[in-house]
Every structure is written in C-alpha cells, then in structure tokens.
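The data blocks that follow each hold one structure.
There are two complexes below, and they share subunit A, which is joined by subunit B in the first and by subunit C in the second.
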Partner chain A sequence: MDIFDQVNTTTTQDEFEPMLELTPALVQKRRSQARIIFDRFMRNRTAVVGAAILIFMFLFCFLGPYVTGHNNPNAINVSNVSQTLAGPSLSFPLGTDDVGRDELARAMAGGQVSLLIGLTSMLVAIIVGVGIGSIAGFYGGIIDNLLMRLTDVVLAVPLYLLLFVLSASFIDHTPRSVILLIAVLVWPAASRLVRGEFLAIKEREYVLAARTIGAKDFRLMFRHILPNAAGPIIVNATILVGNNIILESVLSYFGFGIQPPFASWGNMISDGQGYFSVNPWLVFVPGLLIFLTVLSFNLVGDGLRDALDPRMTER
Partner chain B sequence: MGRYILSRLIQAIPLLFLISIAMFALIHALPGGPEAVLFNPRLSAAGRAALRARFGLDDPVPVQYFKWIGNAFVGNFGYSFATNEAVSSILARRFPATLELFSIALVEALIIAIAVGMISALRQYTLTDYVLTTLAYFGIAMPIFIFGLFAQDIFGIWAHWLPTSGTTTFGVTFDAFNAAWDHINHLILPTSVLAITFIATWSRYMRASMIEVKRQDYMRTARAKGASTSALIFRHALRNAVTPFITVVAIDFGTVAGGAAITESVFAWPGMGQLFIQSLDSRDYPVLLAMLLLSAVFVVAFNLIADILYGVMDPRIRYS
Partner chain C sequence: MGEYLLEVQDLKTYFKTKAGFVRAVDGVSFAVKPGEKIALVGESGCGKSVTALSIMKLIDQPPGEFAGGTILFEDQDLLDLQESAMRKIRGGQIGIIFQDPMTCLNPTMPIGKQIAEGLKIHLKMSNSEALQRAVSLLEQVGIPAASERVNSYPHQLSGGMRQRVMIAIALACNPKLLIADEPTTALDVTVQAQILELLSAVCQEFGTALILITHDLGVVAGMTDRVVVMYAGKIVEEAPTEELFAHPRHPYTLGLLASVPRLDEGRQTELRTIEGAPPDMLQPPPGCPFMPRCFFARSICRTMPPLDPLPGNSTHRKACWPDITDPNEQAYAERRQQARVEAQKAAIREVTNIL
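So, the complex of A and B:
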C-alpha cells in the first residue's frame, strides 16, 4: 500500500511522460470492432446517402401519417366517387386515385406494408437459410447432400413459375401469406451462402482449438463459426430486403399480392397503370418510392460489404 | 472433362426426378383443381364422372404420378384439359415465340452490357462510371413492368412510333417484306424491356470482372512490350474478362423455357410465360407440369453448360 501511495504522490501531471508516442495508428487500435466498421461505413458516401434515404423512408411511412394527418383509414381504404383522379391540391398533395382515395395517405400506408413484407420475409428466409445452411455446412456428408438437393429443387425451377404456382396455393393474399411465399422462394440462396461460409470457416484452427477444449457442436456452430460468417450474411440480408419488395410488386402486378382496398406500393402501381395517361402520378409515386427504397438497400448492402471486409484498407 | 460431364449428367437424373415429384405434388395441392375451375358447373354427375375418368383424375395421386412420368419419359406429355390439344404441340407453338424474344434480347443485352461494363471499368471512379452505375441501379431497383408501362406509353401511345402489344398487326394483310417489317416493329419494345434487366445485372458483372483483369501483371507486361491501347483492351483484357461473365449469361439463359412472364404479360407476347399463367388459371395440369419439368431441365442443362464453358475458356480450370 505504501508503494502505491508513493507512486500516486510522486507522479504529478507535469512529470508524466508517456513511454510511447500515441501515433494516430495506435489511437485507432483502441476503437472497438463495431466502431471501426461504423467509421468505415460512414466514409463511404453513397452508402451513407442510402442509409439516410432509408431512415427518411421509414419515418415517412410510419410517422408521416400522424404528422400530416393522413392517417384516416377512410381516406386510405374507402372509395369516394366525388373526387376521383383529382390533381394535386392542398388537401391531397399527390391527388387521388381512380376511386377517390388520397394518394399520399395510400403511399404511406402502402409503404408500411411493403417495407414490413420486405423486412419480415428477409428475416424468415435468413433464419431458415442460416438453420439449414449451417447444419449442411457443419456436418457435411449425407446431411449436406440431402439438404442441398432440397435447395436444388427450388433453385432449378424458374423463380417466376414457382412464384405463380405458390401464389395460387396461398389464396388468402394477406401480408402473412405473401411474406411466407417470398421467404419460400429466397431461402435456398441464403442457405447456399451460409453453407459455403461454414465449409470454409470450420476448417480453421481456432475451431479445432475450441473443439479440443470440449465445445459442443451447437456452441461451435453458433458461438464460434456463425459470428465469423456474419459479414456476408448481413450484406445478403440487406440486399434481400430490396429484392423482396420488388417480388411483392411483381406478385401484385399479377393480382396475387395484397388485395385492394388495402394498399401496398406494388398494388398501387398495378391499380394505377390503367390510368397512366390520365394521371401518371398514380404509377410514378409508388414506382419512385420502390426505386428509392430498393436502391438504398442495395447501396447500404454494398457499403456494408466494404465496411465488414477486414482486407479493405482504410481509404 | 468427359468423365466430369458424365458424372454431372448422372447427378442430374435423381435431381430431375425429385423436381418432378415435388412439382407434381405442388400442382395437385393447388386449391380448386380442374373440377372446380374448368368443368361446367351445370354438368351432370355422370358427365362429371366421365370427364374425371378421361382426365385420369380418379386414380390415387401417386398412381397418377407414375402414369404421367412414364409417359413423359417417352415424350408424351398428355393433352391439355382446357383445349384438348396435345401438350407437345402447344409447347411447340409457344416456345419459338419465347425463344425469339429471349435470343434477340440476349444479343442486345450482351452487346450493351459488355460495352457498358468495359467503359465503366476503364473509366473507374469518373463521372462516366457514376452515370452508368446509376443507370444500372435503375434497372436493378425498378420492377421490370414499370419500364414496360413507360415504354408502351411513350413510344406507343404518345409518339405512335411502335406497336405496344402482340406479334403482328391485326386485320391487315401485308406482303412478305412488310410482314417482316411489321414483326420487327413489334419486337423492338418487348426485347428492349426484357434486355434492361439483363443489362443492369450483367454490366455490373462485366465491370467487376474487367477491373479485376485490369490489375493483372500481364496487362502491365503487354503494355511494356508496346501493345497499343486497343490491342491491350480487346486482345488481352476483354478475352480474360469475358470468361467469368459468359457463365453468368449461360445461367440466365437457362430460364428461357419458363418464359419471360412479366414482359410477355405486359406486351401480350404469346410465349411460355403467358401460357403458364393462363394454364394456372384453368388448372391445366398437363400443360403446367410439362412446362415446370421442361424449364427445370433447361436450368439444370444450362448450369452444366456454364460450368463446361468455364472450363473450356479458362484452361487453368481442371475438372476432376
């Protein structure tokens, strides 16, 4: 105790001299892993723009209706024939559609549906993909073979044919069945990706080390291998959200998606296409919203790919 | 190489059987079924039973499957429930339309995607690159039918330059030359719209592949030995950059038998995609099953072709 007191009293501020000069490179090493990735992401201008658009889009769709007062379900879902196909005005900033519903309110309500479908179907597909892919990649052999033949079956049939057959089976057209339908179509690609990562990572020495100190399979898979495979999975998941929003709009275009009067960006386009020459905004607005959202998810995905890749040097 | 192809072909057989079983089960699980959708609701019980017997719907589903797959094996896909025409003759009529659409779109897309990808890569991080990249993202981030709608409205309805649907103009008799010209006019919009999706994704592949090649040592060597810029780009860079790119093209072309459902539906093109949607509406089991099986065969075949091409074009790759 004496010594400690002595040290504290003798080392005053002006006597203190660091043994090592704190160069910028050393200061950087203090950052946490997440911080490094975040900083690298923020340096990528296009990715930051994408993230900003996404934040704006979520605010627009989920908070917008309350801010602008366009949250009246009557204006969104109930037709009003006295005001069909109106141009932009103060009460209807984006005009009205063919049955007199407020286009701005529908754009926001439809955005909630489209974004939720995109996100949830991605989550379902990634969870299934990680489950199947990690088991196939980790155990290999006959299990791998069986599971991968399963993905082959889905991947060997052209996407849209399968989409149509399945959508005829899920007849209720609720958001839940649209989500499940899209997830059924996209999980195989996700599980292929996860399997590939697992195949590569499970051969590394640190996995062997963990196994020798008695780590069980489950722990090896989800504590040791999965975190190291997270990068590509996150990137894939981000881009998948945009993809799934497009798939939803294709479903709606063929009349298999969310059914009117409920709005989604996809069915707003297919409803509006018949009135394209009268009021092109009915197609432009949801089309632009889909474009911006999907583009931003792609930009953020690309940004994350660069940020998560440790081989990328600081630019 | 020969052994590799053989082993891949042998692997494909159980896969196709698995697909046929899965698709048969899926089609027969469709709600409604031909009885509810296709049969006249006023049909008497006896007539109904006769039709069921004729369509072979009375057998248990596994028996139906084996009958179907046995016939399919020798090329007999049965008769359409809706029109009673032989499925093979329906497909023989529809497939050329889709093939025409696909092939022309493919050539357009190949030329433009290679050019765009190369220019983007050679002018990396310049304004040209950013503009081309943004345009490519447009093609990736927009549902394809929106391009179809715009194209129809701008070139067809507004400017009256091009016809917006079908393969020929109805009600007009042309001589041979004008008929061909009329047909070409009908092709322009659908092939261009179909090409957009391909151009968007392929030009990204081409750009990445070209950037990879640009950095290689042999490029610097060739330059040092005095190769001109055009020789450098076309003889050294392009040939190497195109190799991985061609496999992507081959895999995408494998979906041809499924048709281009969206483009065909926007432009009322009488191809496979349109046929599939019509058959789905009428629960025309024989047509649906034949199309699903055929398109799966195409996908599997073109995946194999892509792998073989990759080996042929890049001698460093050895299959064992």
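So, the complex of A and C:
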C-alpha cells in the first residue's frame, strides 16, 4: 500500500467531529445583584441576629397590641390599689406603673412612636444630606464652600444644647415636630459623608465615560455617582436610626419630646425612675428595648456595609 | 461641508500649574475624512490623549485651557460650542473608547442599561426599544448569549468582553467619528488582535471614521490608512501608513520603527532605543523638540521646522529640516552616534578606573 492510500483511508475513517457549540450554561445560573448582596448579608451571623431582633421589634410594637389585646396604654386603673406599681402578673405581663397603666401596652405604644420617629427622621435627614452633599461634592468650588460652611455652622453648635433650646421654643410635642427637629440636627453628618463620596467618585473613569456619551449633570449625579456611594450612605442611615431613637428618648426623658399621657420609650424611663425601688421593671423594660433596638440597627448597619462592599464579587 | 469630517487646526491645549503652563498639545493640525482610519502615534506623555479629550472638550477647565486653534467638526468649531450643544455631539456624533475597560464601566449598572443610556439620551428611545437595540449591539460586537448578558454587571465579564461592551456603547448612536484611546493596552495579546479586528470591522460596517491612539506601531500597521506621529505635543510626521513604514522621513519616526523588537534578530542583540527622555513640557526647547535626542540635528534645528509636505508627495508631511534620506546627512548622523558611543565608553572606563 503506498502512502497516498494510507492517507485516504485514515481521512475517510476519521469521524467528523462537529464543533462544540459553546453557549455558556453559567449565564442562566447567575444570581441577580440583589440576591448576591442578600446572600452575603445572610452569611454574617451577628447581622442576621440584629435583623431578626429588629423584625421582632417591629412586629411587637405594631402588631403586638392587636395580637395580645394589650391595646389600651392610657387606661388608668387607680380604683384598685393592688393594680398600681404591680409586678408582672397574668393580666399585666410587665406590671403596671404608678397610676395602674398597663406597662406592656405602653411599651408597645411607646415603641411605635420611637421607631416611627427614628425611621422618619433618618429619612428626612438622609434626603436633605444627600441633596446638599451631592450638589456640594459634584459642583465643587464656591457652591461647595457655601454649603459646607452651612453644615459647619450646624455642626459647630453643641448638639444637645441646640436640641433643648430649639425644642423649648419650637416643639409642640407631636411626633412630627420631634422628627423635624432631630432631622434638622443630624443632616450635616450625612451631607459631609455624601460630599466626600462624591468628591472621590466623580473622578472615576466611568463618570468620564458617561460624560463621553453626553450624559447631563443630573444623570451623572444620580445614575452614576450616587449608586456607587450607596454602601456608606445605607450604613450611615441604619446607624442614624439608632442614634435618632436615642435622641428622641433623651428629649422625652427631659420632658421636651413626647408628653405623657402619650408614651414613648424615653418618657417611660423618666416616669418610672421615681419608682425604681418599688418596681424596677418600669425603667428596665423601656431601657432594654431602646438598647436592643439601637444595638440591632448598628449590627444590621455593619452587616450591610460588608454586604454592599464595592468590590462586589460573586462569592 | 468640506472634504473633511474633522479638521484640527493649530490646536493648543495647555494646563496651568504652579510652575507655569504645561504645553501638552502645542499647535497640532490634522484632518480626518469621513470613514477614514487614522492613527495617532507617540510615546507616553506626548499629548495623544489630551488631543483626544480636547476633541471631546472633556478637558477640565481649569486647570486645562484651550490657548488657541480650532477643531472643526462638520465645519462647526467645537471649541466655540456651548456645553449643551457639545453634549449632543458627545456620544451622538463622536464616540470614544478609553484604555482601561476595567474602570470605564459603572460597576452598579447592568451593561445593557449602560449601552441603552446613550440611545435614550440622543435618539430618545424608550426603555424597551433601547434595551432591544443594546442586545443587537452586543451581538454585533461578538458577545455570545447577548440577550442574557445584557443584565450582567461589569464585574461578571472578562477584560476583552468589557472592551467589547465599551465599543458597543461608543457605537450605539452610530457616531460619525470614533476615537479609540489605546483600546488594547490593558488586554492580553490574544484578545488585542480580536478587539482590533472588531474595531476595524465595525467601523467599516457603520461607516465610522476612526482615530486610533496608540504607542504600539504593530497595532497601526494593519489597521489604519494614515499615521500621524506626535512628539512632545507637536506633530512631527504624517503619512499614509505604508509610506510611513517604508520611507520614514523624520528621525523620531525612524527611531520608533527601529526600536520595535524583531523576532528574526538574534537573542543577544541589544534592544534598540531612542536615548534620552522627552523634553520638559513646562519649558520646551525653542526649536525642534526632538533635537536633543536627534543624531541628525544641526544648528538650524534650533528653530522649529514647519510641518511641510515633501516635494512631490503632498500626502506625506514632516517637520524636520534635514533630509534624512540624503547619504551625507546619514554619514553625519553616523559620525555623531559614534562620537556619542565613544564618549559613553570613555565615561564607563573612567568609572571602572576609579573603582
């Protein structure tokens, strides 16, 4: 057999192997960005504990009154002396205060006020802070200077002094006025943070790249820069909630915030401290609730910071 | 409309620093015809990227400053345009691709949305239309499974893929001119060839003119119609690509071509370089900026030579006094080089003697 035949037979015997079609199977299995962040958050044990406590706290305050039937925080039971300053019992699981009000119902009603004030004042402060901080950071120059000096003015006055002075003259003791007062005092910190982030991110190449396709300033600020600054802002927001709950409690404790008979965790402590030797529950319960809530907001904030790490890899 | 799509005339872009003006681009003139591919070549810091950013008017002012010249795009001076009119040109008429695709995509936005952005801004497309077009653009730049990929985030793609996405973004609105600022520097060699081929193909397909900025002469050779060589903020030579490679007429171009390493050379051969460093752009020498490094230099080089076409060849321009193809000049350069080598050897001997 000569060499040409040999070549021919091998080529005819060779099976024709079609080219493999490479459709990436992994494409379908990709998790969304939100899912990646959620998964990373769930791996952080302490943050999950914090989130669980928070969820429980919200259920406790907002659904608790309907589920447990302890929905009358202002009912006064002075007729029966045994029902004032009572310890925990079946009818009053957390006892009663000096005029026989149901401590459990008050804790839940006070929690509603405290959480509401904490969350909404955070929202207002973050919106104002993001607005001012992003304008200052993006445009720089004289605008930046003016806005930052304004924030410096607010920051320069001692926080609690301003809080008490303003509350004495402006507050009408409704939750709305407390929310506004707290928001007015805490936005500078948020706006400084946002400004810093904007200063750094506006120099990134993808912002330049977005300008090369003709994006306007507004689009650059809120579609390209702000989402990349979201991590620190969200973390700051969660910590701010805890902070604001404390501020509200301080106000109410000193009698400037929510006034009795309406409950808030702060004025419950201040009401209860006179009877500390008789019924320490009156101080411990709201104190513990504040402590747990603030702690868990901070834990969640920590977890979010890790989960929102800008170097988002698919881990 | 004239013959040219883009005509840069005597462009001067300076940057103000404490020590004075840095003349990053100092009197650059060139022109691009519709659909033409030209290359802007030069070493780092010679003003290539600043030229590109000047055309887009994306130089931050301050510290940047357009000290003179005009940039005519379709007979409209871009330097005179308002920012709002300029925004319509960016992306709509002129697209740009940057060097590093790793940092040029927004990490918090899916790539499909980033492609769709330009379409929504310039062509006023609706969300769904723009996304559909994004998918077909992704297919055109050769990304497999494009309809799934539109929702991917940049970090889920490789470098080559991201550069393809950048190309898709730049070409989304069908611009008349595409500027590619060192588009392959950050990529693997294998991917480089693919990207260049793709750039060339899509420009052909869309009828887009291309300004390819690079320091890699190998990239230039196969892709472009014309080459503009820049040195220290000035154009030193301009010629059709083949002409430039075959008959370089400026000593700097000659040096660049000689310093490309060759496979067929022996391993022990010394790599050829252009000795010295580019001049300080704060105080550029009054004459030819290449003079201090040039073996052909004579006293006439102390005045800046004009960028004149060669006699008998209007497409080939050079800014150099001596005619480097003249054997007398070559002999002169050879003598000067020898003298330099001797001086260096003497210096080395002196040092070794001391030791």
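Operating definition for what follows: the second predicted complex is superposed on the first by the 270 of 315 C-alpha atoms of A that agree within 3 Å, B and C clash if a C-alpha of one lies under 4 Å from a C-alpha of the other, contacts with A are read in each partner's own complex, and residues count from 1 in each chain.
Following the convention adopted for this analysis, a residue touches a chain if its C-beta (ideal position, glycine included) is under 8 Å from a C-beta of that chain, and two chains touch if they have at least 3 such contacts.
Please read these numbers as outputs of a predicted model, since none were measured by experiment.
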Looking at the overlay, what does A:M42 touch: subunit B (first), subunit C (second), both, or neither? neither
First (subunit B), second (subunit C), both or neither touched by A:Y160: first
In the overlay, answer first, second, both or neither for which of subunit B and subunit C A:V67 touches. neither
First, second, both or neither for A:L146, with subunit B first and subunit C second: neither
Hey, which residues of subunit B end up touching subunit A in the complex? 14-15, 18-19, 22-23, 26-27, 29-31, 137-138, 140-143, 145-146, 149, 153, 157, 255, 257-258, 261-262, 265, 273, 276-277, 280, 288, 291-292, 295-296, 299-300
Note: in the complex, subunit A contacts subunit B through residues 149, 152-153, 155-161, 164-166, 168-169, 171, 242, 246, 249-250, 253-254, 266, 269, 273, 276-277, 280, 283, 287, 290-291, 294-295, 298-299
Touching residues (chain side subunit A, partner subunit C) in the complex: 22-24, 27-28, 30, 32-33, 204-206, 208-216, 219, 223-224, 227-228, 230, 310, 312-314
Looking at the complex, which residues from subunit C come into contact with subunit A? 56, 58, 87-92, 95-96, 98, 100, 103-109, 117-118, 121-122, 144-145, 148-149, 151-153, 155-156, 166, 169-170, 172-173
